[in-house]
Structure formats: C-alpha cells, structure tokens
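There are structures below to look over.
Presented sequentially are two complexes of chain A, the first with chain B as partner and the second with chain C.
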Partner chain A sequence: MAPLIEVHDLRFRYPLAKAPILDGLSLVIGEGERVAILAPNAAGKTTLARWLAGHLPDGALKAESGFVAMEGRNWSEWDVAERAAAIQFVGQVPSQQLSGCAFTVYEEIAFGPCNLALPEAEVRRRVDEAMVVCNLAHLANRDPFTLSGGEQQRLSIAAALAMHPRVLVLDEPTSNLDPESRDDLIAQIDKLPGGLTIIVLEVALRPSLALANRFLLLDGGRIVADGTAGEVLNDPRCIEALGMTSIAAAMAGLRDAGAWPGDKALPLTLAEARASLGVQHARG
Partner chain B sequence: MLAVENVTFAYVEGSPVLSGIDFSASKGEVVAIVGRNGAGKSTLLRLLNGLYQPAEGRVVVDGLSTSDTPVHELAQHIGTVFQAPEQQIFNATIRGEIAFGPKQQGLSGEALDKRIAEVLQRIGLPDSGDEHPLDIDASARRLVAVGSVLAMQPPILLLDEPQRGLDKAAMQRLETIIAEEKARGTLVLLVCHDMDFVARRADRVLALARGVLSADKLTAEFFTDTALTEAAGVETPDVLSLSLDLGLPPCLTPTAFTQAYMTRRVGGT
Partner chain C sequence: MASLTKKKSDKPSLLYTAGESFLHRANPLTSLCLLLWMLSAAIVLPTEGTATLTLAAIAVALVTGVGKKALKRLLITMVPIGIALTVVHGLLIDRQDFAALGPVQISASGLDYGLRVFMRVACMLMATLLFVTTTHPADMLKALDQRGVPAGIGYLIASPLLLIEPFTERARGIRDAQRVRGLNLTGSWKARAAALPVLLVPLITLALSDLDHRASVLSGRAFRAKPHRTVINAPPDSTLQIWVRRLLLLLAVLQLGLPLLWRL
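And then the complex of A and B:
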C-alpha cells in the first residue's frame, strides 16, 4: 500500500502547557486504509486529528519538531482549497461545524463544493450523492439548526463527502448515531467508489470495530500499539486506558473463573463469541 | 416526583414530534430514554425542564407544573446536562462554573466553598478549579457540565448522552456519580445511544418511536422483547444476546453473565 500520509517525529505543545501533547509521534497511513486511532481522554486525539487533517500548524500553533505530509508534501505547502479537496475533517460537535450561512440541509452540503467553484451540475450531483450516502434526502429542505444531534452528525459527514476528499478524518463519528443510522452509514461508505482513506479517532471500542481494520493506540503523545483489532484491543495498555468491549469483559470473567483457556485470545464481538462458543443466534 | 400527562409537542403546527406522551417516575429511579435519531428524545428533555411548553397535556416536576413555573425556578428542581457541554459552559474557570448555580441559590462563604470542593472531587478535578473549562479535554469538560448541575443538588437530573467520549476512568467516574445520585434519591433520566451503558445503569427504559412512547419497561424486560427493541431501533446489548444464545437468564452486565454461566456449569445443567 503506497504511503499517503506521513507523520514524522511530531512534537507539539500548546502555549502555556507544561508538557507536549504529541511527543515525537511517527506514523504512516497508506492509501485506502481504514485506521482507528484509539486513545484515552486528554491523550491528544483531537490534536492529532487536526494535524492529520492539516488544520495545524495554524498561526502561533507550530510544531517543536517534525511534520505531517500528504503525498510527500508538508501540509504547510498546500493552499486551503487544495487541502480541502484532498482531506476532510469531521469534528466531535456537529453543530459547531455548520457553516451558519445555509438555510437548508441541501445548501449546507453544497457550501463546500460551491466554494471550489465547481459547475452547478457537478455541485448538484455531489449533493445528491452525499444525501443518499448519509440518508438525508428526506431532510433536504430542513434548517440545519433544527436537526437532531444524530441528523447533524450525518449532515457534517455528508458535507465532508461532497468535497470528494481522498481522506476522511472522523473524530468519534458515530457517537450520536442510532444503530440503524450507524450501520447504514458504514454500508454506504463501503460502497463509495475509489480508495477513500478513513481515519477514525475513537475512545469507544465497539464502534471502531465496524469502521477499521487497522488499530493504533495513542498514549503519552506517541503511538504505542499498531495492529489488528485483536492485537491492540487485547493489549494491556489499551485495556488499562479504554477498558474492554462488553463481550471481552464477559469472556475475561469466564477466563478468570477457569472456564476459558488463559492462553486463548478473548473474543471481542458478539459474532466472535458465538463462533468461539459454538452457539447460534437465539433470536432469529 | 415527575409526571408527564398526555403531552403533545410540535415544532411545526400539524406535525407533532411527540404525541400523547404519558409516564411518571419516582425518587431514586434511573430511567433511560432511547430511540432513533430524530425520535424526539432531546425534545422530551426540554419539555421536562420547561424550556419547551407542551401544546397539549401537562408536565409536573416535583409538584410544579412547567406551564406555570418560570424556568429559573424549575432549575432548582430539575438540572440538565445538554449533549454538547460547550453550549452550557460560560465561566472563565471551572470553579466559577461549578459555583454559578449554588450562588444563584444563595449559597456563599464556607458552605459554597465546601460544595465546590465536594463537586470537584466527585468529577475528578480536585486541583483544576482555576483552569479555564475550555482548556481541558472534551471529556473533562463534560464532567464539568455534570458537576455544575450536581452543585445545585437538584432532585431530578437530566443527562443527554452523558457517556459520550468518556474513557474507562471517566466512565467509571460518571457511573459512580449516577449510582450515588440514585442512592441519595435523585431521579436520573438519561438519553443514551449506548445500550451497554443503559443495560449497566438504567432501572427502566422509555422508548420513543414515531412520536409516541412505544415502550415503558424494566430494563431486562425491554431488551428481551425484540418487538420493542426493533420498534425503537435500538440494539440488544451484546452480553444479553450472548446469554440468551446460551440459554442463560438475560444478563445485563459482563459480571452477571459470568455468574450465570458459572452457576449453570457448577450446577451441571
């Protein structure tokens, strides 16, 4: 997989902070990868997301060392429009991401593509496509500020997708979504053409399992684990910081009681537990 | 403690978001409100705390009708932590944020200092009182919002997605706070999409679907009735599903699962 984004020895400290929040962090993400960066609170998850998305450096906020590059070019060399067409960031609070100058959901999604000066027909095509992916067509004429939290979260993702980015950085993307909306969104994203690279930053383990196939643990300003779900979620440092999925916790209880082999990996999901225990779905 | 009597509410006339909502809740209960995005969960919270008025019906909070009681007076009886804490924090220090509510209640001097110190301890920020609430991470900010409401000691607590974005330590802190509030007789209502959290903490589930109250059940009863969970668009907690797959009694927590599994194993059934 060709390297797409490279974080090299990034050391960053907020003004007045005693210690750097990112402390010599290095990371390479390849084109088309689905990466979940897991981190405990205050570990620098959102700060790293902003660096990955090119929102930092910004003004006085500069790295003490290192850089983030996309396709070999440092983000500081990209102009804003070029960067916005390449990578999109969806933050934790969707209402803070609304442009404030759109009266409808449709206009909100069109805001970004219009600012790229795309032809009107192309803007319409992109908005319609993003509304399908995020199940927003029935809300096209609603005022964005009157939507529920989950609907606003789908809208902020739709507005990002309409920019046709190559990389999507999502900070806790499904935390406001009901299960149907979450599964539907993941299925629709899976159907998008081209190798969209997705970087998800999460504190919750269960939703990240559906979105990613490579898992990283950010702690102490560095990436301390990098591997499959089984490797990273069973890492004691991950368990200490983020706990376990409810299924892993239940199976750990069986292990501690001597009813599950101590040397065997714990199932993380319901499907894995069913397979391991040889049971069928009891409820149709 | 809380009575919602046949309440209807619409943002746009003729298209009610909620219709005929009718339930009551008592001291010391932890009640989860669940449903799809846009089902009206946050709207219901705003009807409970008096920010919205029902088009029909009545909401009675701690003996006070929300239609006849000013919001600032209701706030002494029902505290709300909104989905985005950034939208309710406005003081320059965490201490100021925590102190604001009790000061409005007339608390001052040593009593106020003691209240603030207690709350800072409960939310895990005993030494951070002088920090700016927007300088701390998002999960700590969420706990500051919880603390600012706890500081008023309201008999009813509304929490909108309180578990969101919390790591293991912060989650344990929140769950401890909910357990402590339940023990002291506070009625806690929480809106939540995380069904593992609901299974661990809620005594009872209210489900909203298509604008009506589609279920009002004890937590285990709700999650074991697929017609109710499907109508509300919520998932059965994984551990409960696994316990049913194995023919065990419905287990709401990993600990309960382990106990049920081992009990059967030892019993040889």
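And then the complex of A and C:
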C-alpha cells in the first residue's frame, strides 16, 4: 500500500508546557487504510489529529522537530484550497464543527464546495451525494444549530465529504453522543466510500473496533503499538492505558475462574467470543 | 422565477417573514437601495414628509404580509421614545414659548421639535423593518457574493444572526449551572452585579475557544481560498431592477448632497 501520510519524528510542545505532548512520533498511513489511533485522555489525540489534518503548524504553534507530509509534501507547502480538497477533519464537539455562515443544512454542506469555486452543478451533485451518504436529505432545510448532536455530527461529516477529500480525520467523533446516535454514526461512517482513507482517534474501544482494520496505541507522545485489533487490544500496554472491551473483560473473568485457557487470546467482540466458544448465533 | 423564500430555515432570531410579495421577490440589493433611499429621505424631509413616508411604508408592510410583525416592533420601540421626547422637549428644556397647560408648563416649539425627531426615527425604523422582514439574510449574502463582495463581509453579516441563539442557550446553561452551585441571582442589585463576573468569565472564555475552532473549520472548508465563491440559488435580477437601484442611489445622494450644496 502506497504511503499517503507520513509523520517524521514529530516533537511538539504547547507554549508554557513542561513536557512535549508529541515526542518523536513517527507514523506512515497508506491510501485507503482505516486506522484507529487509540490513546487515553490527555495523551495528545486532538493535537495529533490537528497535525495530521494540516491545522498545525499554525502561527506560534510549531514543531520542535519533525514534520507531517502528505504524498511526500510537507503540509506547509500546501495552500488552503489544495489542503481542504485533500484532507478533512471532524472534531469532537458537533456544534463547533459548523461554519456559522449557513442558514440551512443544505447550505452548510455546500459551503466548502462553493468556497472552492466549483461549478454550481458540481456543487449540487456533491451536496446531494453527501446528504444521501449521511442520511440528511430529510433535514436539508433545517437550521444547522437546531439539530441534535448526532445529526450535527453527521452534518459535519457530510460537509467534509462534499469536499471529496482523500483522507478523513475523525477526532473522537462519538464522544459527545448518546448511545443511539453513536451507533447510528458508526453505521454511517462504516458505509463511507472504500477508497477513502479514514483515521479515527479514539479513547473508546467500541467505535474503533467497528471502524478500523489497523490499530495504533499512542502513549507518552509516541506510537507504542501498531497492528490488528487482536494484536493491539490484547497488548498489556493497551489494556493498561484503555482497559478492555466489555467482552474481553468478561472472558478474562472466565479465564481467572479457570473456564478459559490462559494461553488463548481474549476475544474482543461478541462475534469473536461466539466463534471462540463455538456458539451458533440463533437467527429469526 | 420560483420564490427564494420557500425553503428558508425559520430562525426565531430573524425578523424575516416568508412571502411572495414584490419585495420578497426583489433582488436583495434592490431592497437595500430602497432602504438607503428611505434613510436619506428621513434625514432631509420635513415632519409632513417623514410622516407620509412612514405611513406609506406601513401600507407596503401590510400589503406584503409583514405588517403585523413590523407594526408590533415599531410600536414597542417608538412609544417609549415618543414619551421621552415629549417630556424632554415639551416640558423640561427651557424655551421662550412656555405656556401653562393646567398644572404644567409646555412648549409648542419643543413639542414640534420632538415630533420632528420622532417622525424621523419612526421613518428610519419602519424602512429598516420593511427591509429585514422581507429580505432573508441568506439571499442578501448570495447577492453580495454574486457582486464579488469579499466573503469576509458576508461572514460578518451572517455569523451574528446565526450564532446569537447558540450563544444565548450557552449563557442560559452557564447561569443554570452557577445557580445549582449556589449563585444567588434573586437578591439585591448589588448581589446581582457581584454575580456578573461568574457568569461572564466562562461565557467569554468559551466564546474565545469557539473562535479558534471556527477558524479551523473555515480554513478546513477553504473559506476565502479563492477570490470568488460559487453562488447556488442566486437571487433573481433584471435590467429593470438594476436601473431602479441606480435611480434610488442617485436620489439618495442628491437628497443628502443638494441641501449641503445649497447651504454652501
């Protein structure tokens, strides 16, 4: 898989902070990958997300060393329009993702493509397409600020998709949502076009398991584990930092009671647990 | 051209009322020029002129279906102003023509001056109400975009209108949270004044934090990355409207400029 985004030995410290939040972090993400970067709170997820999305460096916020590049070009070499068409970022707080310049959902999604000065027909095509993908067509004429948190987050993703980016960076996209909205959003993200590179930064294991096929653990300002869900989520460092999935925790209880082999990896999802136990899922 | 107002989001903070009248269908820049002409006329016309213009604007508001909303605002604003002008200019300011009217001394020239100011303000307010009740800000932004006005100016117009409700909601949330923590907002004026910093500091801090996020969102969506934006659902325009705008602007300038030249 060809490398798309490369982070080279990135060391970054906020002004007045004693220690760097990112400390020699290196990472390569390939085109079309679905990557979950897991980390506990205050480990630098949002900072890394902003670097990956090209929002940093910004003014006085500069790296002490290293850089982030897309297709071999440092972000500082990209102009605003070029970068916006290549990568999109969706943050944690839904209402903060709105442009503040659109009176309807339709206009909010069209805001970015209009800024790129695309032909009107192309703007309409992109907006319609994004509304279908994110299930927003019935809300097209609503005021974005009156939507629920889940709907606003779907709107943010639709607005990002309308830019036709190659990479979508999602910083804890479900953290401010109720369980129903969270499951709904995960299902929507899961349906996004296959060629799109998705980077999800999460503290919660459940959404990451549903969205990614490559998992990285961010700890102490560096990537300390990189692999499949089974490799990373059963890693003691990951368990120490994030805890276990509820299924793995239950199976660990069985293991401690002697009902599960101690040398066998713990299942992470219900489907894996069923398969490991040889239980058939009753349907209908 | 189909109405632009059919698919508008209704925001309580906007005075705009959807409709199909000639003012609703007019290009927003034409409505803006009409507003400018009325404002300049209100500055130079005598009391009879401003009264006539105000009545005409009220009649237009009634015809265009925005009369109820516009009149309500006009009354709410003008009644206190009228009372204040009567008291200050009719009763309080010392003039030569004070005459006894029962227990009070009243000045006819003071009342005349008060009426002139009152009608001038009423005329300006009615013109503005007519504009904001028949022109949706989204259409105004599109019209400005169409004319190549920098996107930043459009943003300055739109964002206060859009953000006022979330901001109010947040202020309410902070107030409720502080009350739960024991803040007393029902005591004396002194106690209420002392409580203000506890309400304002988090509100301002959060607003500043929002600014940073909003700047990132705008940059991420390529705001101002190109000299011109695409305009979708552009407001209709015509040669006639272009000439009407030119005429209104010319009249506005002449109305204001000729009296100045006359004085020179």
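What we mean here is this: the second predicted complex is superposed on the first by the 260 of 284 C-alpha atoms of A that agree within 3 Å, B and C clash if a C-alpha of one lies under 4 Å from a C-alpha of the other, contacts with A are read in each partner's own complex, and residues count from 1 in each chain.
Here is the rule we go by: a contact is a pair of C-beta atoms (placed from the backbone, for glycine too) under 8 Å apart; a residue touches a chain by one contact, two chains touch by 3 or more.
Since the model is a prediction, treat every value here as computed from it, not as a measurement.
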Touched partner set for A:187, first chain B, second chain C, both or neither: neither
Chain B versus chain C as contact partner of A:172, first or second or both or neither: first
First, second, both or neither for A:28, with chain B first and chain C second: neither
Partner chain(s) touched by A:96 [first = chain B, second = chain C, both, neither]: both
Contacts of A:254 with chain B and chain C, given as first, second, both or neither: first
Partner chain in contact with A:132 - chain B first, chain C second, else both or neither: neither
Touching partner for A:275 - first (chain B), second (chain C), both, neither: neither
Touching both chain B and chain C, residues of chain A: 93, 95-96
Touching residues (chain side chain A, partner chain C) in the complex: 50, 53, 55, 79-81, 84-85, 88-89, 91, 93, 95-104, 106-107, 110-120, 123-124, 140-143, 145, 159-160, 163
Contact footprint of chain A on chain C as seen in their complex: 7-11, 136-138, 141, 151, 154-155, 158-159, 162-163, 165-166, 210, 213-214, 216-226, 228-232
In the complex with chain B, residue positions of chain A that touch it: 39-42, 46, 92-93, 95-96, 146-151, 154, 172, 175-181, 203-204, 206, 240-243, 245-247, 249-250, 252-254, 256-257, 259, 269-270, 273-274, 277, 279-284
Contact footprint of chain A on chain B as seen in their complex: 11, 35-39, 41-42, 83-84, 86-87, 136-140, 161, 164-171, 193-194, 196, 226, 233-239, 241-242, 244-247, 251, 253-255, 257-258, 261-262, 265
